[in-house]
Every structure is written in C-alpha cells, then in structure tokens.
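To keep things simple, chains are lettered A, B, C and D as they appear, and every chain counts its residues starting from 1.
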Amino acid sequence: MPGVGSTFGTALRVTTFGESHGGALGAVVDGVPAGIQLSMSAVQAALDRRRPGQSALVSNRREADRVEVVSGLFEGRTLGTPLAMMVRNRDADPRAYAPFRDRYRPSHADLTYAAKHGFRTWQGGGRASARETVARVAAGAVALQVLREVAPVEVVAWVHRVGDVEGRVDEAAVSMPEVDAHAVRCPDAAAAERMAALIREVRRDGDTVGGVVRCVVRGLPQGLGEPVFGKLEAVLAGAMLSIPAAKGFESGSGYAGSRMRGSEHNDLWEPNGTDRGVHTRTNHSGGIQGGISNGMPVTFSVAFKPVATLFTEQPTVDDHGQATTVQPKGRHDPCVLPRAVPIVEAMAALSLCDAMLQQRSRVGLGSVPELGRWPWE
Amino acid sequence: MPGVGSTFGTALRVTTFGESHGGALGAVVDGVPAGIQLSMSAVQAALDRRRPGQSALVSNRREADRVEVVSGLFEGRTLGTPLAMMVRNRDADPRAYAPFRDRYRPSHADLTYAAKHGFRTWQGGGRASARETVARVAAGAVALQVLREVAPVEVVAWVHRVGDVEGRVDEAAVSMPEVDAHAVRCPDAAAAERMAALIREVRRDGDTVGGVVRCVVRGLPQGLGEPVFGKLEAVLAGAMLSIPAAKGFESGSGYAGSRMRGSEHNDLWEPNGTDRGVHTRTNHSGGIQGGISNGMPVTFSVAFKPVATLFTEQPTVDDHGQATTVQPKGRHDPCVLPRAVPIVEAMAALSLCDAMLQQRSRVGLGSVPELGRWPWE
Amino acid sequence: MPGVGSTFGTALRVTTFGESHGGALGAVVDGVPAGIQLSMSAVQAALDRRRPGQSALVSNRREADRVEVVSGLFEGRTLGTPLAMMVRNRDADPRAYAPFRDRYRPSHADLTYAAKHGFRTWQGGGRASARETVARVAAGAVALQVLREVAPVEVVAWVHRVGDVEGRVDEAAVSMPEVDAHAVRCPDAAAAERMAALIREVRRDGDTVGGVVRCVVRGLPQGLGEPVFGKLEAVLAGAMLSIPAAKGFESGSGYAGSRMRGSEHNDLWEPNGTDRGVHTRTNHSGGIQGGISNGMPVTFSVAFKPVATLFTEQPTVDDHGQATTVQPKGRHDPCVLPRAVPIVEAMAALSLCDAMLQQRSRVGLGSVPELGRWPWE
Amino acid sequence: MPGVGSTFGTALRVTTFGESHGGALGAVVDGVPAGIQLSMSAVQAALDRRRPGQSALVSNRREADRVEVVSGLFEGRTLGTPLAMMVRNRDADPRAYAPFRDRYRPSHADLTYAAKHGFRTWQGGGRASARETVARVAAGAVALQVLREVAPVEVVAWVHRVGDVEGRVDEAAVSMPEVDAHAVRCPDAAAAERMAALIREVRRDGDTVGGVVRCVVRGLPQGLGEPVFGKLEAVLAGAMLSIPAAKGFESGSGYAGSRMRGSEHNDLWEPNGTDRGVHTRTNHSGGIQGGISNGMPVTFSVAFKPVATLFTEQPTVDDHGQATTVQPKGRHDPCVLPRAVPIVEAMAALSLCDAMLQQRSRVGLGSVPELGRWPWE
C-alpha cells in the first residue's frame, strides 16, 4: 500500500513520524527479514549526504542528524521485528516562524494544512517540510541493504539539471563517488560548476531555482512489480511525487519518448552472448515493461520546482482573507537538488525492496525448502 | 493503499479483474456511501468513450462493452455494499496470438510476466493489455458521481500532443463536449486535424506514435490529500503511471516549472472579491500545495509512449534465448491517446474521490451530527 | 489486512460482493501464485457442501450455486492474475421481505445497517445474510489448493455441539468423509442423531438453536503468523467472527485452558524419534505459540448463536420508533451449524494461505534462486 | 487493516515497535484528527495501570514506564500528524535469559520465532513478550480521547475469573474506580480476595494461573463496524487475540448463547420512552448486530491461558533436537489478568475509534459543511 498517510509499502512497510520543528524525526520499518547483518554506519552515511550544512550551497541549519536505533537490531543483526530509528532535532528554531503566524506563505502548505485540519500550525513546515525526509533516508538505507542480500543492486541518482544548466552523464557507468565529487552532485564536472554558480547567484538574489534529478538502478532481478496498480512505474511515481517540491516523474524515455514512433522506441531483445541470456539493444523502456522489471537498468527522472521560501517580500493574505505581505526568515536551501539526490535514492530503494519482498509470495511454490523446515537445519 | 496488486484506494477501494482475452472484465468498488442515486447510463457513456471501434483512428476490435451491475445497487440507489460491475468480452481472438507462443514481442510485457510468474501466458496481453482499463473507466464513472454529491467537481482531460503536434487549449474553460467534438479528442480543431493526419500516416506505415494527455479538475474542495505518502500528487502520479503505456507525469508546471526561479513560480494568494474568499494569481502549483488541494484547479499531464505493437517484422528472441523475428497481427491502436482520455479521467476521479472520503475521517470532530443519530431522524 | 470492508487478507486478498437478494454473489481473489493447476470441481464441491436444500435440516431455498470462473484461469492453470468467480442468485424472493419494509426484525442487522448507511434496504439481509458466504467458500477452496502446493495441509471442521448436545470426536484422526457421513456434520454418529432430532424439534416450534463448530488443521508448516497484530490466532479470530451469527472463538484450550495452571497447560517439547524432529506431548496451545504455528495441529472452535429468524410473532419497533410486531416468512435454517462447517473451513484456508504467502517474504533471503532467474530456466 | 505485522487499524493506524529487552518501546499513531486537546497525563495514567511492580501480585520488574511524546503534539493539541510516543526500557536484564540460549522454553514463542525467522533471538521474549503491550496502552489512551470527542464513550474492563474463582459484577454500572479498588482488578470484593489468594498460592508453587477479563463499552453510537470482514466483532476478536496469552473471545452471550434457542436469545426492540428512541430489552447480542453497533452496551470477554514461565524445572529440547531441561529465571507474573485489564481496554478503544473514523467516510454525503470551507471560517 504505497501511500496511506505516513506509511509506505506493502511487504516492507515504512511509517515515518516527526515535524520539522518538533522533538525528533523517525521511521519504523516493518517487514525487514531477520538475520541480516545491518550496517548502521551505512545508514549514517546516507543521512550525512542529506543533512544541511554540508556545503555553502545548502541550508546552514546545524543538525548532526545522528541516527539512533531504538528496536529491531541485536548484535548487529535484524531481528525480523520493526526496526525503529530516530533522529533528534537540535537546531529547530520556531521563533523564525512567528511572523507567519497569521498569514499564508505563497506556494507553501500553510493554507492547505489549515484547510485540511481546520487547525493552524504555524511553527515550521511540520510534515510538509523537507526535514521529514530524514526518516525516509534512514529507512531507504536499510532497504538497500536488504535488496543487496538478494542481488548486487546499485542505486545511483545525480543532479541532471539546475534551472537550464544540464549535465551530460553516462548512465551505464555513473557511480556514487563521481556524483559526490562535486558538492552540487552532478558528475559532469563542467556542468556542476555552472550549476553551483547559478545556485550562488539565485541565493544572492534572495531567490531559488528548480531542476531535475535522474536515477539509475542496476542489477535488479527480472519480475519485480505487481500488476496492475502495483506496477513498478506506478510505485516509483507515487514514491517520487511524495517528496516535497517534486512536480514531475519520467520512466525511461518519458516525455521525450512520447514524441517517438514505435519503430524507434521499441527495445529489441537479442541474445547477450552468455548461455541463454538476453538483453535489449536499447532501453527506452527504462527497464520496466508492463510495470515489471525486465533485467535492464531501471532509469527515471524527477522534476523539482524552485523552493517556495524566498528572502524577499511577497504579497499574500492573512487569516482573515485580507491582503498583506510576508518576508520569510529562517534557514533554507536556494536549491533542493543536491540534497534531493539521497532522498530519491532512498525512495527508489524502498519501492524496489518492497516489490522484491512481494515478489517472493508470487513465484512458483513447488520448491519452497525454507518453509516447514526445522529452525536448526 | 493506492497500488496493492489489482486494488486501488484506501477509503474507496477498487479491485479490477479480467484478462484481455478471457471471459469478462470487471470492477468491485467498495466503500461507496449508501443512498446515492447512481446513473448507470453515465457509466455506460464513459465506457462508450473508451471502447474500440469508435472511429477510424482506433482499434477495430468489436466490443459493445455493455456494463452489467452485479451487486450494490437497488432501485437506482447505492446500498453502501460493494458495487460489482462486469463487461463481457465478445470479440476476443486468442488465435491472433498463437505466433508469439514461443517468442517475446519487443517492448511488451511477454517476457516480464513470464519472469514474474515463471509461467508463460501467450494469448493476448492479459492484465497488461489496455483492455483491462474497461473496469477502471466503469469504476471512475461511479467515483465521479460520488464526488459530485459533495461538490460540483468537473474532470476534463484531452489530447494535448500526438508525436510533435501540440494543441493549444484554454484550461480554464475547456469542456468535455469540446474535447469530443473531434475523434482525436483534442479541442484545438486545427491541431486535431493534424494529429489525425499523423495517426493515419503511422497506421499506414504499420507504425505507432505516442503523445501527451492533459487533465484539469475544477471545483475540488480544499484540504484533500494525505501527508506524507498519500499526497494528492503522489496518488495521482501512481494512478496515472499504472495506465498501460504511461511513461511520465507532471503536476502543475511540472518539468517546465523546474526551469523557473521561485520568484516566478510562486503562486501569490490574494482576496478574490467575495467575503473572505481567496485565490492565487497564477496556478503553477496545479492546485496542490504540500500534497493537499488548495481550491484552485488541479492540473496535470500524462505522457504515453508509442504502442509497442507494430505491423512490421521485428527481431526478437524465443523461449530458448535464440534470435528470431516476430510480426504481430490482431487489432491494435496506432495511437492510444484518444482512448486514453476517459481512462485518465477515470483514474483522476478514483484518486480524488478516495482522498475526499479519507478527508472525512480527518476533519475536526466537534460537529458530527450524523454519528449516533437514530436512522429515521 | 484482514478486515477492510469486504476485503480479507494481505498477500492473498479476497474481495467479496453480492447481496442475498441481488443478481449474483462473487469473489475476486488477488495474489494467487501463477501456474497452479486449479480444480474447479473441488471449488464446486465445497459450494455443494454449503448450499441450501441439501437435507431436511436446512433452508429449502433452491439454489444450484453453480460457480463461474470469470478471470484468472486459462487451460486449467492460474494466471497469477485476479481469479474472479461468480454465482448467480436463482431463487431470490424479495417479496417475502415486504412485511418488514417499515419495521426492524429482532436481532437482525436491519436497524444497524439503517443506522450505518442512513438508508433502509428492506429486501433480504443484503450483505449481513449468510448467503454472502457463498463467495468465501469458493475463495477458500482456491486457497486450500494453493496451501497444498506447499505442504499436505488438511482442514477439517465439524459440528461439535448443537444446543446442549455435544459430540465426542478424535481430533487427531477425524476426516471430512466422517464429518459428511451424517447430514448434521457431526462425526459422532450417536450425537449426530440427537442433534438432528433437536433441530427438527426447534423447527417444529418455529424456533432455532445455536451451537459450536470445531476445526483442526493438520500438516501446517512451522513459522506461519505475523507478529504482533497478524498473529495466527488474531487472524483466525477475526476471520471466524466475520461469519454471520458467530459470537465466540477459542484457540487450543481456549476458555477451558484459562482454568488451568501453567504446570498443567504447558506443552512440553520432546524429540519425536526422527532425526532432529520434535513435537509437543500435549497440544493445549492449539498449534500456535506467540501467534506463530509450531508444527502441531492447529485447533480452534467457533460459537454460533441461534438464528434470529423465528417463524413466530415477535414484538419490535417500526421506522417511527413505535411498538409493533413482526412475523418473518421466507426460507431459513433452524440451525446454521451443518452449513457453517464448510464456511469455517474456508475462512481457515484463507487465513492460513495468506499467512503462508506472507511468510515467504520474511524468511532468510540468502538462498533465493527463483528471483532473478530467466523464465525459461 | 487490523493485523498487518505490527500495524493495526485502517483509518486510525497504530504501528508499535520495541522488544522486551531492547532500548525502548513505542507507538506511532497515524490518522488522529487535528486540533484535539490531548491529555498526556491520561496516557501516563493508563500506563501506570499496566506497569509491573504495582502490587505484590505481579512482576517486580522495575519500570517507571514514563511516556515521551516525540511528534504530533504542539501546545497540547494534536497536529493531525503521526503521534509518536516512546517508553524507554530501564530494567531489562537479558542475562536472565542466557540459560535458554540453546533450548526452547515450553509454550513460549522461542521455537516458533526461530522457525519463522530462521534466526534465534535468545534475550527475552522480544515482540512476543507482554512488555510489547506498553505501546498499545499508550495508543489506546489516545484513541479513547478521540472517541470521546464524538460521544461520551466509557470503556470498562475487569477481571471476571481467575482459575475457577469467578466474580459477580453489574455490567450496567461497573466503573473503573470500582475495578481498581482491589489490586486484582475484580470489582466483586469477596471474589477479588479469593483471586488474590489463589494467585499468591500459585506463585508460592512456582506455578501460574489463567482467567477471563470481561469488558463493557457504553455510549457508543449506532452504526459503527464495516461489513463484512470489518464487522465490529471480527475487529474486536482480532484485536483481543493479538494480546499475548489470549486464547478465547466471546461477544455478548458468546458460548453460553450458543446453547440457547432463538426465542430466548433474540433481543426485542422497544420504545425507550424518549421521543422516537428505542432500545432492546435484553442484550445477548452484546451491542452488535450484523457486525454493526446498535447503540446498546458492547460487551465481550477474553480468555487468557496461564503464563508459560514456571519457576520449576521442565523437560524440553535444545537447538539440536535433543532432550534437556529448562528452569526459567527472571521476573514474571504468576497471573497476567490484573495487568491485562488496561490492555483489553486499550485494544477496545483502538478498534472502536478506528471504526468510528471509518464510519465518517460511509455516512450520507449530502451535508458535509466541513469540506470545502475556508480554514478561517
């Protein structure tokens, strides 16, 4: 069930909690198989890639984002019970939000949350804040390790475009070290420089800018994805559009592919030289056909709008529907793209790990040695 | 839970069944409130807009697609019990698929379903076929009627682009009769003619072509959408990417918006002249902020790849991983766009009706007269 | 998710539809693994054990209850897609319900459904009628066949008590043919005769009588059941209490066990003579410990209240809250027990098959040959 | 979805985490409506009724069980976001479990968890321990407060029987202060004394004893409960059987009612003297008909087996299937009944609050003023 309130997933179910300016953020991951040697330093490393204050390009909110494991792990191995993880907020500063107490920031969730709940929460973005994604990144880092128990899956995302500055990247080969070589997280060094310059420029203007993250998943087994509403693309699209500021999703060729003819777009199967192995010559399908993985790299992109928090004065309305103005303070990113990279990877890992665990209840049942055995065998 | 196998939705749950070449297709819609005067002719009208053989531009499979209500309705009113609807297949012709029995059609789900199930089904596309969407269109037409019990919601989709031919449409005003004025379902008459010419051309070549559907939803109440994984955009994205051949989704400004600066993209609130009413000057957000509806029109687009079934010979592999060729027969659309319009509308109605019913358990509880009353009051 | 509206199950999801006096009843079973050789005559046989008119002891409503498979099956094998099955109502007679149109039958769901829906449905019991269980029995017969792909599971239920007449049955050995040897479905022949006499007596009086069904499941693998809310006993209890007229559930020693001391109740493990195999000396736990199967027979009972429909006049109130009387007509069972036996078995099979499929995503992932293989291997 | 792993509920979803001997226990409650003034001291009071060391009758593990709210609450009001609560383990003593590291305690979940996970966790009962219910009691105390926003609901449970010692209680009037007047939590003072004596006796013997908790819910609105698998009795049964050591459940007349005739069991409707109000003369139905609340008190009982942990030596097997013995140490209750009372109440509150929130999406939609209003109105 991707998408019931704060819970994501069907066989691997992640429930996140925590507001931007509350005491803590966290995730409970249920459905993790038992006995997996889990590296919590890998989880911390993923959080470190997401946290603010990493570089001059992002928010300077000071959060160490140290993860604490509260349950589900013993002597380094998963217990098969809910894995609960928590990150304390250290530098929450709700006073910065006092000026908006009676007015609605443009393109924020202030008014919509008030409409939803009949109740105004003024301090920070609450659950609509990107700070909520701390919990997802921790959970995603767990999911990736579960996936890797089954297959040598690699999930690599990078900043493809900032504003109109676009990088050129070899999707077949791009690796996380290349992505992280530049603070902007675009592995095309020249483009990365221009992106960084653009981000500095909009920050100077008190403005913000959007862009696109691309992601490739290599090494995924065939057969993942559930027809029909659990298609891999449906799950990934839902996962990605749940990220704050995400406004678009493309699988494989996406919008560009919608301009092609079938004769150009079709991915032709051919033997790959190994014994009975096959692959497709091209990969316009982005590794997914009929909603199910075909063994080729899964590729997709996510479009992010520019951050809504500007440091200039903007007209708006107040709680009584009267015209007024607002000028945000606080610590905000002029561009979410660099920090969105680990978030996209986390949501991909959660989606694919869930599909993998679901698939285990769908495959032929004839040879199920693990069911019914005695535990000591 | 948008997206568990063949079930969609949380408060309104739709389960679809049926293969392209089996006996029937259908939907069970659970969670429909009781006592709603349901027009089954409106359901049939939606199916008529989807069915094959409507025009020379689409598949000539002969299916009347007559809907039968099996349960949940009595004397024209919903019973509050599962509404089951069924459409019999009349013109299924599995023999057309016999040549593919041992080989995999390019960019179809043949190989991926076999990988998933460890079992080859050769006749027709099964659940991966667009024929499966018959059930969704019927369910969506029910959901729309439920939505309209609450607010004067309008859901209008149209063909925005075929290949490189793009229409120009006034999203604020476009209506279903304008969309249906041309068989291609683009309300820009000149563009529609060029689209139709393009479709005829690719059909002549035994080829196919992709495109984009846009959709606008007007009259939606504020406050719909569940943080954080049930955001309206996450649910809509998941819903749309579950449609066969869909490869992209944009909410509001989408990919174009990711090129903008915040100062350009932000939608400024202003009083709308009525007593304490407000609206935004622009609508780059596409009616959704923080994943929740803000009362402005919800706008989005869906990209469709070209249909994979070509009527020319293509190289591929067989069940033993050996190179071979395949040349599809059967009845197929050279372009799914015109028939995708009612499918997009149906998935939008299902998503929004579900969000509306969920919202009813989220609003302030102080004034709940309908709970605890005696039934005759 | 055992228990969301008309859907039961998490990995195997059954959605039922249909009212007692509507056009048809049916079930959609999603999550069935592909490639299973499914015997539809076994499904029909299960329905035949449930249908009215089998003997002089039960309702004489004339329903052949012929099952039609609408989707999910091809050439005798499951497709891995939703298996939809339907049974047409033939002998629905809503006129028998006209006298209750404005009044509430005692201990029926008439008033509660009206309170729930704000809408009165007067013809037949709708979804509250035991006729709804037709769909469950069909689905359960499918689930049992799926279970048997994995292990030689036997599910045997029987009538343990009618009113105060109780049978004595050897739970270790009792078989379905023994159960079906007498129309009352108690394998203790002497008790069965006394039960039948009691049922005839209450029928003569226009009265009804309750009782208890017991059930044993043999051959279940260890390790089924999900902590903590998906414990096997929680799932079975929820499944059984969803059966019309069920008012109690016991697992293993149940209420009697609650009178024991731990030293008496504990089931001691001992080697069973085979290489490293173990069993428990006693089985007060009913095959379930900590909510998870331990390899011993799963045993439980279900209590049924007497049918509410009497053929004598009873005082009640009408739609305006005024005192009146009601005297039911129609065809009803004086005792549901004999026909409850296959319903209890069906719900057990659904619960256990779901647990088994869920377990497949929980076991150690080290050796998962079936994931990632090519389909032809 | 009552019962998916560690998550309970559909509209109100509770996910619990934590092992008996890990760092902490907690619950995330999603779906709580916003703006509710929540008393955390009421939550703490519920925990105080459950915690060990309250009296000489129960375990002397020293846990203050102080609840910390981690998210979802601001200035005393619910935010509509996930309410996360946590209780740290202070007195966990895994060393007490070292002797069982290679052997299976009788009637515990040691072997079944090992079979389920292919992985042995030896320290404490993990998720199978009753310590897990700390999280449920906290969540239940929240649910009760939400229910009370709608109606003056009272949930009162008490110890009905310990071993063969049974109390006599007026279910129409019994109140929590009466229940808590004696440490054994039976409001029949004379019976309470005999129960306490029995508990002291079995403790002296190193033995344990079971019993029955009864519960009454007054003031519940009509119309709660979802047909057919979400019937109130199905949900309550599943909730109760998920409590450790629970082996039986009865709704209303339960097993005793299964001995009655319909003429005796039927609850006759009659006017209650107020304007158009009605009630039933008797309440064998236990306030539920057709799975839906009828406005009368909801009554049910739960049977608990004797605690499996004895302080005498018992035969068992080890990890290699060889006969051995085991003699538990640690701190355990000789009888869970007194502490089960607040757990039963908590699960009842969770079940009923979930049903109430679900019902809000089922009632007639004609008058939904709260949808579509501006937030400041």
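In the analysis below, a contact is a pair of C-beta atoms (placed from the backbone, for glycine too) under 8 Å apart; a residue touches a chain by one contact, two chains touch by 3 or more.
In this text, all values refer to a predicted model and were calculated from it rather than measured experimentally.
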item: Contact-richer chain pair (by C-beta pairs counted) among A-C and C-D; value: C-D
item: Chain separated most widely from subunit B, comparing mean CA positions; value: D
item: CA centroid of subunit B to CA centroid of subunit C, Å; value: 37
item: Rounded Å distance between subunit A and subunit C, as computed from the means of their C-alpha atoms; value: 43
item: CA centroid of subunit C to CA centroid of subunit D, Å; value: 25
item: Where subunit B touches two or more other chains, by residue; value: 1, 4-7, 10, 16, 31, 33-35, 80-81, 111, 113, 115-119, 127, 222-223, 227, 276-278, 295, 320-321, 359, 362-364, 370, 373-376
item: List of subunit D residues in touch with subunit C within their complex; value: 1-8, 10, 16, 104, 106-109, 111-113, 115-119, 125, 127-128, 132, 161, 163-164, 202, 205, 207-212, 222-231, 233-242, 244, 246-255, 257-271, 275-278, 280, 284-286, 288-295, 303-310, 312, 314-317, 320-323, 359, 362-364
item: Touching residues (chain side subunit D, partner subunit A) in the complex; value: 1, 4-7, 13, 15-19, 22-26, 28, 30-31, 33-35, 68-72, 74, 77, 79-84, 86, 111, 113-121, 123, 126-127, 319-321, 370, 373-376
item: Residue ranges of subunit D touching subunit B (in the complex, touch as defined); value: 10-11, 31, 33-36, 80-81, 146, 149-151, 221-223, 227, 276-278, 356-377
